Structures are given as structure tokens and as C-alpha cells.
Amino acid sequence: MSDSKKKKAPNIDIFRAWCKACGICVAFCPAGVLARDEGGYPYVKEPDKCISCGWCEMRCPDFAITVYNKDKKRNFENDYPEERQGK
Amino acid sequence: MSDSKKKKAPNIDIFRAWCKACGICVAFCPAGVLARDEGGYPYVKEPDKCISCGWCEMRCPDFAITVYNKDKKRNFENDYPEERQGK
Amino acid sequence: MSFRYDIRLSGSGGQGLILMGIILAEAIGIYDGKFVSQTQSYGPEARGGSSKAEVVLSDTEIDYPKAMSLDLLLAMNQKSCDDYYMDLKNDGILIVDSTFVNQVPIQKAFRIPFTRIARENLKREMVANIVALGAIAKLTTIVTPKAIEAAVMARVPKGTEKLNRDALKAGMNAAMKAQKASVPQMLSERVDEDT
Amino acid sequence: MSFRYDIRLSGSGGQGLILMGIILAEAIGIYDGKFVSQTQSYGPEARGGSSKAEVVLSDTEIDYPKAMSLDLLLAMNQKSCDDYYMDLKNDGILIVDSTFVNQVPIQKAFRIPFTRIARENLKREMVANIVALGAIAKLTTIVTPKAIEAAVMARVPKGTEKLNRDALKAGMNAAMKAQKASVPQMLSERVDEDT
Amino acid sequence: MKKKTKKELLLQGNEAIVEGALRAGCRFFAGYPITPATEISELLSVRLPQVDGTFIQMEDEIASMGAIIGASLAGAKSMTATSGPGFSLMQENLGYAVIAEVPCVIVDAMRGGPSTGLPTFPSQSDVMQARWGTHGDHPIIVLCPSTVRECYDITIRAFNMAEKFRTPVIILVDEVVAHMREKISIDEDEDIEIFNRVKPTVPPEWYIPYEDTPRGVPAMANFGDGYRYHVTGLTHDIRGFPTSRPDEIDPFIRRLFRKISQHFAELHMGEFFETDDAEITIIAYGCVARSAKRAARDARERGLKVGALKLNTIWPFMRTPVEKVLQTSKIIIVPEMNMGQISREVKRVNKTDAKVFTINKVDGTIITPEEILRKIKEVR
Amino acid sequence: MKKKTKKELLLQGNEAIVEGALRAGCRFFAGYPITPATEISELLSVRLPQVDGTFIQMEDEIASMGAIIGASLAGAKSMTATSGPGFSLMQENLGYAVIAEVPCVIVDAMRGGPSTGLPTFPSQSDVMQARWGTHGDHPIIVLCPSTVRECYDITIRAFNMAEKFRTPVIILVDEVVAHMREKISIDEDEDIEIFNRVKPTVPPEWYIPYEDTPRGVPAMANFGDGYRYHVTGLTHDIRGFPTSRPDEIDPFIRRLFRKISQHFAELHMGEFFETDDAEITIIAYGCVARSAKRAARDARERGLKVGALKLNTIWPFMRTPVEKVLQTSKIIIVPEMNMGQISREVKRVNKTDAKVFTINKVDGTIITPEEILRKIKEVR
Amino acid sequence: MAEVTKLIHKYLRHDKKFPHVWCPGCGIGIMLGSLIRAIDECGYNKDEIVLVSGIGCTGRMPVYVDFNTLHTTHGRALTFATGIKLANPALKVIVVMGDGDAVAIGGNHFIHAARRNVDISTVILNNSVYGMTGGQYSPTTPYGMKTTTSPYSNVEQSFNISELAVAAGAVFVARGTVYHAKMLDGLMEMTFKKKGFSVIEVIGHCHTQYGKLNRMGSAVEMMKWQKEHAVTVEKATQMKDDELKDKFRIGVLVDKELPVFHEEYEKIRRWAKEAK
Amino acid sequence: MAEVTKLIHKYLRHDKKFPHVWCPGCGIGIMLGSLIRAIDECGYNKDEIVLVSGIGCTGRMPVYVDFNTLHTTHGRALTFATGIKLANPALKVIVVMGDGDAVAIGGNHFIHAARRNVDISTVILNNSVYGMTGGQYSPTTPYGMKTTTSPYSNVEQSFNISELAVAAGAVFVARGTVYHAKMLDGLMEMTFKKKGFSVIEVIGHCHTQYGKLNRMGSAVEMMKWQKEHAVTVEKATQMKDDELKDKFRIGVLVDKELPVFHEEYEKIRRWAKEAK
């Protein structure tokens, strides 16, 4: 796999039919990847900045956003000790 | 008031109509004043031993026993600090 | 019409009347094979107060399950005797525990000191009810002595079999005595009726 | 028979149709002094979905409180237009928000872009309902402009009076334009009927 | 254009119930939110403290019913409001209010059932529950408004009856009427009859809290008034103490019934709408009574002699008015938003040759005038 | 003297209910103690664990009703037992069992009411509550034994009906019958019909949990059987999902009624006692039916043509049998230990000239044969 | 001077059937004595007291005493009491309940009344069983005990009523026993004097049902058990955990301040009138 | 790989009306995601899960997911769940409730199920309000807040759901927030794996009702509040009382062992058969 392919920007898919434009994904994206259109709906404004953390997907109340190519390790910003994560 | 009068044995009155012969007054009299007849009913067996503590009266579930000439100070054997007695 | 016999067992709360009722019903129903229905005054309200159990027996299905006109009344205390004797049929039988019942309102009654017998002869006041059952078996034809004994044995706690068997016996014996004593009275009663 | 006029205001959840219904009913009932009854689709189930408010007015007590054959239908989106136009009387009036309603099933409709007017002229999309109220006051005789203005003023939050007055005005103006445009259509419709 | 006066208001049925309650003197409300009765709670939480009353939201409907009984015993006119599921939960304590003779008002805003059913859609299916919902035989007063104005008036009447007869009074309002807005004018100076419980005038030693009186209703002392007495849900003697003596129970239970049955005329409210010459009479209540009147009007326009009898009192059943139309009409139609509840009663009292037909709707939609008209055409 | 066999027993009505339940396959009981139903709990706490069943005492009757519905959904035949106050509390979840179509059996051992009333005395005053106690219109099956034998048999029938019709079945037993002891013989080898719920046979993808079927009763999968479906107390479509579409609700609610009404003949149980030539027929149920039979016997002895109709099915109302005696008898007497509940139904269906009289007793004592005889003499 | 019984007679309803309904030796009667003495000591007049109960043996108490008395439905006493207190805050509202009444069917009302801090004094007689209905297990029946509905053994954990009251927010929680009758007088008095939702759990005994089934002996025996297993809060602080293992604490467990419902509601009324 | 959403889709009932019923931004949807992921992580199969709810916005959850699902009556979910678990202990029973469902009308069932230690995992979404009925105060609405039935101010004290669970005897109690969604996955998983009565309180938000009335802003704003006011149990141990004053703890609050009801009952069955 080429280097460029590895660093390829993640593919973020927003499923408009289910999205309710709540703005949560946009507000909490740690990398400022997402923005809201005039209707309040999210769109991927800065695809390259995405760090594949998956937080947008995790917090979307409507299962309307999908992050492809996410880091297998589930790279969430996590504020809770590993041993208490229920694994 | 003469000395003998002061020491006069207390008058213990058992109201048979209400007494249910439970035996509580007898069992917990600290001075062994009371005893049970064949029907289980209490009677004053040793009037002179009575220390006027009033416990029999206090614990009778049926308000069937009265201690006259009780010490005004309410001379109960008490296992609870004065300040917590709600006065 | 079919044969029907109405019994009321009455007294005060602690005298074991409900158990008596059950044993009697079981003896009549299960061991003697008749139709039987047993009812009772019920509930915590009855604590300490009056108590009564009724047994109705018949050779066919029983419709009304409570005692109507009594063929047999057992009164284990004065109050129940006073309250219920009016419900007796003319030829009904009254049996009283003469330990407690002093005033018997009608002549043709059997007076037997069940409690005294239990207390003095058997040293256990609580079997007064079994003593009374023995008497009933003797004084009436509604239950066989065999059936009553089997029913008692099936219901009493283990280890008390002898005591209870003795109690039954004592009751039967006392009944025989009473029976003799009361015969003339009953006859005189009958005579009265005829006049 | 007494005069009765049935109105349905319809659209989607967030378009303020219930408030419209209340204001219209209040204008007609309290300020114009007619009998009025207002009902609505109700409940959290209606969240985000369709919404409708109905107003019935009359010069006597109103029996059936829901709209029957419609004298006036306001459709603020396509779905409600599609769902309800069949309920219009032959000479009933259809008013649509042409911002959202593209396909108007009948000819004699007034097409007014309430939402666009609110959004563009008044910079507040949420007053589209007030714009529509203005239009209704103009296009029908069921409510006086004075009454509608008073009712609006009584219900809107403090500080928004001017905005809402402007919205009403804008609605009335738009209605006058639409009225002119639609006259021939209405006539042609009538002609059709006669044939 | 008329001037807006303070007294002309566009109110929802639920709001009018609140206004009626306050006007009647209600000063205590305990409830638990439920659609479609919630507005009553919400508005009273605003209004009651303004008049030194108390609003409390309890942990459930059982508690709400308990609290209003307690408040009433302490002297406050009290009320709760709920819908079917909550009404089911109130049944045990409702029976308590009956046997202990505690005045209070319960509003059941009917929605589709059974169970959670159709929370936001109308129904009339709690009519029989209102009569029979609690265990043990008991009389009950149940009223039912058809208009916003009636919501106001009937609520006042409900409080009056509760106080007058020392009994819980139920208001059954359907979702349509509860949420409908109509203009009503409320004149605060108007001379409306407000009834307050009759208090004992005898000295405390003479007070017999459950005394039999000619009216069947004993005087009621409030807790704290100096008449110390005992209140219980057990069958009790005239002094309020538990009894299991048949000779005390029987007259007591019968008095409970008598105090209602003896005042039928006073309790029965309704409207004859062109029934005098009607060959067909529609008997209806709640929102459906409006469709019924409309249908009667429309039918008359078509030359059919149709009338309508509106029932505003559901229980005790309006036997006399119903018998009257049974006598005069050949056909009776009972449209109801249930599978047939009041129609059973109509049939029960029907000793004539009149035929009783039903229209039953249980799909969450109101019975329309057309549906009634269709039935008229079908059966006449 | 006959030999005691294992199968001849002197049992209380309550005990016979327990035996019947176990025989029918009951394996789960949740309840809360209350007089006069407590023996059922107590005995089942001994017996259920012996047969790998579960007994649990819940925190109240609401919880008990919830638990038996849950247990039934998980596959166990389940039951609860209570008396009036607890029965009132069960009403909400009872309606749930109706709309979600969950088989279960509820015993209400009737005592004097209303409210706490007369805890240890008999009554028949929950008859209408059993029909109408929960909010929302709904059908219900209610059975009522008169003898200890019937307690056993009817309990088995109740479980069978519950399973067959996917519905709660109520057993109303009065305190007299609940506590009366009679001899009954139970043959464990006897070939008694035991009905178990019909499970789906289709693959899970095809399963339609609330499908309309000719019988009106859909097949029922247990939770865990591999048919994952949704159960709700909201009105639902055939797949079990909430709906507020009138075109889905209407057939659903009507199916609930139809599955009962279509099987009246099967559901109706009772006894005609010398009614064929009877000029006077007594209609009764529960312990009073025994007095009725006795009264009929005694009357016949006196030369009066009196019969009795015993109702073992209270709801759905035994219209056809009742109509039959209404046709043949000139006089109907309905003695009840309430202020007149079933008599209302008799009057409702009475289209003949037969006169319907009532005997109502609410003082905690049973109606005696003499009282009925007295009435017979009074009215004939 | 026979002040104790004489005083009690001042408050009894003599026209009611005495001897009372309770079994010989039942602790409920002893508790009733304490309750009366504490009320007397507090100086309330009879007319201002409302004594409310639910259903159960304990629930039978109000009928015997000459106050405003209210015997409600099973488990619901606190809901009625809430209505009474809020409709007329001048009344002193005391609620007596059995353990089943209070924390089985009535558990929810109990925790909510505590949370709201309605000014009610709550007296709970905990005899670990449903006495009235014949000895079925209650939520306070200890694990392993026999009752008529746990014939083999109770498998449920039990509530600690006082701790539950604390967790729910009661501002005053005390525990006593009927054996320690004198101490009970004092605790009862403190409970009544406390403003807000105060609770006293009274350990009693039901020897006729619970005691019998578990071979715990007569009323006397069971009271001896109370004597031996109760430790005052004060003593308990000086004891080790294992010494305390089979003991329970008596005395004042919690005494704190929180806004009282009807006083808070007075504020609401002021604000409401201002907003009008 | 889009495992998160893909995984979720594996469990959704697609034939049900999506988007779901909840308001834009409502935390219930986020919690649903966590719940599904935790179930997946635990490795349960769909057929063995029974998801039970009461009535409320939160109560609407079961309809969307492909398990055995049961939408009961308001407040009663745990009673149905108890019946299910005891009738078929092989089933994994999970109950989801709103705060009102769980501790207002359902409070008694909650404390009793906890006391009995019935093997049920209980998930409570605490949004401090009755969402479904339009924003009335609930037992968890803090003192002083406005709701549609406390228009001036709420005068009641509020329950701490987790503490109540502890006092009632729950063997496992955790708290999380919908903001801390990842942590929630883990806590949820632990809750499900625990045998006995386990509880997870999930702090959510109802911005459309409660948030609006108290000017707390949008869903995003309210989630920021969660972020700022939550402190993990671990961190909290290192913080001073005054630092913790307006904070709440998230993480595992209690994890202990007690006999589990259905296992205990197995013993009873053995004894019962022996006694037979």
C-alpha cells in the first residue's frame, strides 16, 4: 500500500435522510472537519483535516454519519481508564 | 409526712378487663415484684420489693397496669443520654 | 328429599374449632364417603373473639353450604350457646362444654366438661376439641368412630398421636355417661311435644 | 340555515400553524364577535410531522367543531395540499405557500410564497404564518384586518410587534397581487361548472 | 368590531375546566402529567399559588388521588386530572373517597384505549370504567361536557355536587373537547351558585360524622375544626368507627346510594334538541353530541324528523329523559366512540318498541355528522 | 368406610384453585397478600418450587400484574390472586394484557367493598369492575365458581381459555366459596384437556405476531424462541408496531372483540336447574347460586315451579341461556350480594314480558335460601 | 401519681372497643403508649393533631386515640397526609405505618415524601412481616427467615428502612425499639418536634406470626432479643465492626436541615402574585 | 471500516420509521448507539436479549432495535422484566427507562428490584424532566429550576438516582453521560455483564423542553455542560469537596456481590423437592 493511500482522507458519509441537523457532529469534531450549511445540515468542509477519530459517528443521535477508514484501534479521545472500560 | 408513709409500697393496679396476660410486665420488672397466676395473668406478689420504676406500666401493651406513687423523676432504668431524650 | 345434616361447632377463638370442623368434615367426607361442606367464621377479625365452624353433610351434592336449621350444635362456651341455641331444630342435639357453659337453655342437652377432661385427665387443655369430637362420634350417627380416628390421626402433629387417641376415647366415654344421664330428659321432652 | 365557514390551516410541524389557528380564531371570535371553534392535530406524535389547525366560524352556536367541507384551505407544504384539497367545497378557496407547493391540484388557487416573503423581505422565516394570516384577511371576508391585527398583537412576544405588523402587511399586499392574478382562473372554473 | 373585554376568552376545554375549578373555589390540585390532561396541571401550577391555593405534582396518580382526599378532609376543595392509564390507577382511592364520603373532583380526559392505546387521539371509552372502575358496589356522579362553555359550567357544578353530596365527582372530557378552543365569556361578577360543604353546627360531643339525615348527607367537619372524628375505608358505623355488624353496614351502604338516587332530578343535566316530534332520536354525549346535533339539523333539512338528546350527566344514568325519547321516537341511535357503553344502558331501560341502533368507532377519530346521517338513512 | 385414596381431598375453594392451576400447567405466580385470597399465595409458595415453577411476592399488586405478564411473554403460564383493593390496582396492567394479548389468569376473591370495606366477609360486588375496570373499551373473560369442585375445574378452564384466546382471564370467587371446604376427588391420570398457546410454525421472517386469523387469535411466540418481535400497550399494527392509522386500529380493536364474541358458545358455562317447566327462574352465580338451587328445591317441595340458572361464566354475559329462561319463565329473580349488577344485564337483554326482580344484599352476609323463598312468595 | 396510664387514658377513645385488637404482647400497643406520651410532652392539643395510618395491624392504631384520625388505604397514608399538611399547614400531621405499609406497597410514597421534605412525622413499626394478613414476608424480613410465603426460606435481601429514609432525603431519622420504651418516648418527641419529613423506625415484634414460624418465642422473648441486639448510636461509635455485626443501632441516625415544602411554597405564592 | 454505524445498522429495525421519533439532537439516540455497541461487544445474540421499557421518550427506544422488545406501561418496566427473567433465566433482560419512568411512578419497583437483586440490567436516561409529556418537573429536576409545572421555580429536592440505587441494594451502579459516549459504551458493557441488579444512570438532555425553559441552549450547549460538570470517580477522589460542589461523578460507583434472586430460587426448588 502506498504512503499516499495510507494517509488518504477518511471518507465521511452523511446520510441526509436521517440527519436532523442537530449540529452535534459539527460542534464536537475535534479537528474542525465539519461545518453546517444554511439549513443547519452538516457537510464535510475540510476533509483533509480529519483524524479519523470517529467521534462524530459516535455522538450522532441519528446514526446519520459514517466514518470510513477509521483507525482500527478506535482512536477516540477518551477520558476514562482502560481497565474500567468493561473489556 | 412520716418516714413509714414515704416508704409505703407503691400501689400497683392491674386492670384485668384489659390485661391479655402477655407476661411482659412480669418478665421485665427489675425487682421481681410481679408474678403470673395459672391463667398467665399478672398479680402483685412482692409489693414491698417494688422500686416504683414504672417500667411495667411503660411496657404494658394494653394500658392495663398502673403504678401509683411513682417517683416524680420518672425513675426509669434508662440507657440513653439525657440530651437526646427530646426534652 | 335427600338426607341432610347441619352441624355448628362454636366457642371462642383459641378452642380449635376450625380444626375440629376440618377433621369432622374430613372424617365424614373422605373416610365415610358422604358429601360434606365445611365453612367457618374467618379472618384476623376473629382473633380472640368468637369462633365457629360449620359442617353440612348429605348423601347427595350439597346446595346451600352453610348450616341452616341445626341438627347438631356444639357450644364450647356460654356466649355461643346463648347465641345459637335458637337455630337448633326441634329434634336437634345440643352438646355443651360444661366447663364453661353453666346455663343450658334447653333440656335435652348433653353436658360434658370437655375442657376439664382435657385439662385434668389428659393434662393438655388444648385437646378439648378432640375430646369433643370423640363425644360427637358417640352421640350421633353421622360419623363412624373409625373415620373420626383416622381423620384425627391424619391431621395432628407427629408425636401427639397417643394423646389425641386418648382424648378421643375420653370423649367417647364421657359421651356414653352423658347419654345415659340425658335419656329420661329427652323422653320427657318428647312427651311434652305430644301434648 | 345559519352561516358557517370551515377553515383548515395545514403544513408541517414547525410552521406555526397552531398559533395561526388560535390567532385567527381569536380575531374572529373575540375581536369580530362571531362564534368560533378551533381544533388541531395534537401531541408529541405530531413532532416534526404534519400539522393542522382548523377554525370553524358561524353566526350561531357551532355544532360540529371540526372542519367539514372546507371553505378555505391553507396549505403550507406540498403534502398537506395533496392530502386535503379534496375536502374543499366547489367554491372553496385554496391558498398555498408557493415556496414549497409546486403542484397545485386545482386552478382557482392563490399561490403566494409566504415563506420566501418572510425569509427575504422580513428576514425572519418564522413569521411566514403571520404573512399568511395577512393574506387570509385580504382574500376572504371572514375576518377584518383590524381584528386580525389586534389578535396578532395580543399573542406575539413583546418586542416583535413591528416585525409582525410588517408581516401582516406583506401578506395583505401579496394577497392583493395574487387576487388580481387569479380572477380569470376563478371565472374559468365557474364556467366549467356551468357546463 | 367589538371591544375586547376581560371576560371574552378563547379557551381550550382544559383551560375552561381550570377556570371553572378556580371559580368554584378549588384550592388544591395534585396530579401527574398525562396527555391529554396535562394542560390542566400546567395552568393550575400557574394559577393556584396566585389565589393562595396549592399545586403539587405527585409521584403518580395513586398519590395524586390520595393527596386530594387528604386536602379535602383538611378543608380544601380539591381536584386532580388525568387520562385513562392514570384513571385506572386512581380507582382504589376513588373508592375510598366514596366510602369515606370525601368531596373531590376527578377529571379524566379520555384518549384511545385500552392501555397506553392512542395517547393523543380522542375516545369515549372510559364511560363504564367511571361507573364501575373501583371494586365494591358504589354510586358515582359522572359529568361530561360537549363545549368549552360546558367545561366551565360543568366543572363548577361538579364541585358543587361534590360538596353537596360529599362524594367524588368525575368529569369525563374527551380529547376533542379538552383541546378544542371556543370563545367563552366569563363574568367574574356573575352570581353563580357556589356550594360549600355543610359543616356541623352542633357541639363536638354531639357530632355524628356519618349520621343518616333526610338528604342522606351528613354534615362534614374539616380536620382541625375541633370535631375530632375517625375516617376509615372500612365499613363503619355512624360515628365513623369500623363495624362488621350487618345491621350497621346495610343502612350505611344503602344511604350512600340513596343520597345520590334521591336527587336524580338535580343531578341530571342535558339537552333535548328538537326531540318533541322526532321519529328518530340520537342520544349522544361529549364531542359526539355536537355531531349528533349537526346530523339532526342536516336531517331536518332533508325533511326527516330527527332530534338529539345530549347527555351531560352520564351517571347516574339519565333514565327519565332517555325513557321520554324512547316513548316518542321509533328509532334511537346511540353513536359512541367506544364499542357501545351508554347504548347498553339505553337498551337496559328500554321497555318500549323503539329500536336502538348503535354507531361505534374505536379508531381514534371523531364520529362525524355524515356517519350519523348515513346510519339514519340505513335504519329508518 | 371407604379407603382414603390419594385423590380424595377436603379442600378449600382457594386450595382447589391452586390445584387447578398446577394441573393446568401454571408455573409462575406473582402476588401480594390480601384477605381472602392469601391462601392461594401461601399454598403456591409451597407448591410451585416443587414443580420447577416460580413463586414471587411482589411489592404490590401493580407489580404482581406486571410480573405475570412478563412471565407469560417468556413462556410460563402465569397467575396472580388478589381481592378488591388489589384488583383495582391491577386494572392498568390488566388492560395491557388485553391489548398486548398476553395470556394470564387473575383471581379476585371478592370481599365486601367499596375500599377496604369488609375484608373478611363475602360479597359479589366486583362483577362489573371485572368487566369494565380498566380504561378503554375491551373484551374480557370472567368465570365464577360455586363449589370447590368448580374452583378446580374452572381454574383449568381459565388457563385453557387464556392460552387459547391470548387474553387475561379473571376468576371471581366470593369469600364463601374461597374458604369453604368440600370433598373433591382429583385424578391425576384423568384425561383433562390442557390447552397450550399456539406457537408460530412459520420461519421467523414470516411471523406476524398480531396477524388476523379466522379464529381471531394470532400464534404467539415466546421471548427467546427466535421470533424477535415488539410488544406494546400502544395500539399497534399486525406486526406489533405502534400505529395511529385508523385503518389499522379499527380492525385491530374489532379483532380483539371478535376473538371473544365469535366463541361465546365455547366460553359460556353454567347449569340449568329444573328450568324447563319453571314459572319462576332464579339466576345466580357464586355462593348465591347454591342458595338459589336450594330455594328452588324447597319451592318445588311446596309445589311451586321454580328453577335456577347458574352462571359460571359471568363475562361475556350468557345472553343465550338467559334469554332462554326469560322466554320460558314469567318471573326472574336475580339475587346478588351487591346492589344489582348482573340483574342489569338480565334487564338489558330482556325483550320478553318476564318480570325481573332483584335481591340485593350488601351487609357482608350470604343470601340465604329462605330470603329467596321469601322473595318468591312476595312476587309470584 | 399514676401519670403514665392516666395520661394515656386522657387520649384514648373509651367508647371504642378496648381491650384493643392487637394480640397479647404485641409491641404495637407499647408504641402507642410512647406516641401518646410524646404528643403530650410536645404540648400539642388534640385538635391540631391528625394521626394518619394505612392498613395493617399497625394501621389499626388511629381508631383508638382521640385526635383527628384517618385510616387510609394500604400503603397510601403519606399521600393523604401530604394533602392534609399542604391544605392546612397549621395541623400537626403524624403518620403511623407498618413495614409493609411503609416500604412494600407504600415504598414510593415514602421516598417521595422524604425527598419533598413535606412536614410530616412518620412512625414506622417494623415487625419484619405482614402481621395483619397472617405472616407473609415483607421487604424487611431478613434473608433466610421463614414466613407463610417463604416456607422454605426467604431468598430476598431486606431493606434497612432508616437507611432508605436517609437516602431519600429525610431530614430526621431515628430508630428505637418497643423494649426501650422510655428512650422511644424521647425519640418520638424529637421526631414530632422536627420540622420537615422526620422518620422514626420502631423495631417491634410479631410473635404470633413471624416469631412463631421462626421459633423466636413469646413476645417477652422477642423483646429480650431487641434488648440484646440494639446498640445506641453513641455506643456504636465505640464499637468495632465485628462487634456490631449482628447488632442494630438505635437513637438519632440523621438530623439535618433542608427547605420544607410548605414554607417553600409560600415563596411560590408570593412570586405568583407578583407575576400576576 | 465504518464499524460503528454499520454495526448499529445490524441491530436496527429498518422497516420501522427512521429517522426515529426523538427531537434533533436528543441524547436518547446517542445512548441507543452505546447500548447497541455494548450489547454487540458482550457477544449476546439477538434472540437472547429482551429489551424492556416503560413509557416516555426514552421508553420509545425498544421499537427501533431487533431484539425481543417490550414497551410496557409507565413506570412498570421492571415488574414485567422481573417476570421475564424469572420465567426464563436464560434470557438477558435489559430495561431502559426515563427518569420519571424509573423513579417517579416507577420508584417503588426500582428499589424493590434492586433489593431483590433480580438479574436485570437497568439503563436510566436522566434528562431531569418528563420529556414525552412536555417538560413537567420530575423527581430529578434540581431545586430552583423551571418546568411547565414549576413555572415559578421547583421547590422540591431532587433524587440522586444512583445513590438511591445504592441504598436500595443494587450490586452495580454506574453513571455516564451521552457526551462521554465512548466511556458510556464501556460502562454499559460492564452493566450488562454484571450478574444481579445493575444500574447505569445516563445523564442526557432534553433541550427542547427542559433546556428551553431554563435557557440552557441547544443540545450542543447542554452536552458541553455535561462535559464540564462530569468528573470521573477516579479524578473525584483527588478533588476537594468545594471543587466537587457543582460537579457530578461518572464511572463505576458501586460494584459488589450479593446472592442473585433466580440462583437463590434454584436452592428453594431443591429444598422444596426434598420436602415433598
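Order as written gives the chain letters A, B, C, D, E, F, G and H; numbering starts at 1 within each chain.
Everything that follows uses one rule, which is that contacts are C-beta pairs under 8 Å (C-beta built on N, C-alpha and C of every residue); 3 or more make two chains touch, one makes a residue touch a chain.
Here the structure is a predicted model, which is why all the values come from computation and not from measurement.
Colleague: Between F-G and B-G, name the chain pair that shares the greater number of C-beta pairs in contact.
Modeller: Greater number of contacting C-beta pairs: B-G.
Colleague: Going by average Cα coordinates, which chain is farthest removed from chain H?
Modeller: C
Colleague: Quick check: how many Å separate the C-alpha centres of chain A and chain H?
Modeller: Distance between chain centres: 26 Å.
Colleague: Report the inter-centroid distance (CA atoms only) between chain D and chain E in whole Å.
Modeller: 36
Colleague: Using mean CA coordinates as chain centres, what's the gap between chain D and chain G in Å?
Modeller: Chain D and chain G have C-alpha centres separated by 63 Å.
Colleague: Based only on mean CA positions, could you tell me how far chain C sits from chain G in angstrom?
Modeller: Averaging C-alpha atoms per chain gives centres 45 Å apart.
Colleague: Give me the residue numbers in chain F that touch at least two other chains, ranges are fine.
Modeller: Answer for chain F, listing residues that touch two or more other chains: 35, 46, 49, 59-60, 62, 85, 92, 96, 115-116, 119-120, 232-234, 244.
Colleague: Could you say which residues in chain D touch two or more other chains, in rising order?
Modeller: Touching at least two other chains: 44-45.
Colleague: Residue numbers of chain D touching chain E in their complex, please.
Modeller: By the definition above, chain D touches chain E via 1, 21-22, 25-26, 29-33, 35-40, 42-46, 62-66, 68, 144, 146-147, 150, 154.
Colleague: List the residues on chain E that touch chain D in their complex, please.
Modeller: Within the complex, chain E touches chain D at residues 1-2, 4, 8-10, 35-36, 119-120, 148, 175-176, 179-183, 287, 290-291, 293-294, 297, 301, 366, 368-370.
Colleague: Would you mind writing out the residues of chain G in touch with chain E in their complex?
Modeller: Within the complex, chain G contacts chain E at residues 13, 15-16, 46-48, 50, 52, 55, 62-63, 66-73, 76, 78-88, 90-91, 108-109, 112, 265, 268-269, 271-273, 275-276.
Colleague: Residues of chain F touching chain E in their complex?
Modeller: Checking each residue of chain F against chain E gives 62, 83-85, 87-89, 91-92, 95-96, 98-100, 108, 110, 112-121, 123, 125-126, 128-129, 131-138, 232-235, 244, 246-247, 249-250, 253-254, 257, 338-339, 341, 344, 347-348, 361-365.
Colleague: With touch defined as at the start, can you tell me which chain G residues reach chain H in the complex?
Modeller: Per the touch definition, chain G meets chain H at residues 104-105, 107-108, 111-112, 115-117, 139, 143, 152-153, 155-159, 163-164, 166-169, 258-259, 261, 264-265, 267-268, 271-272, 275.
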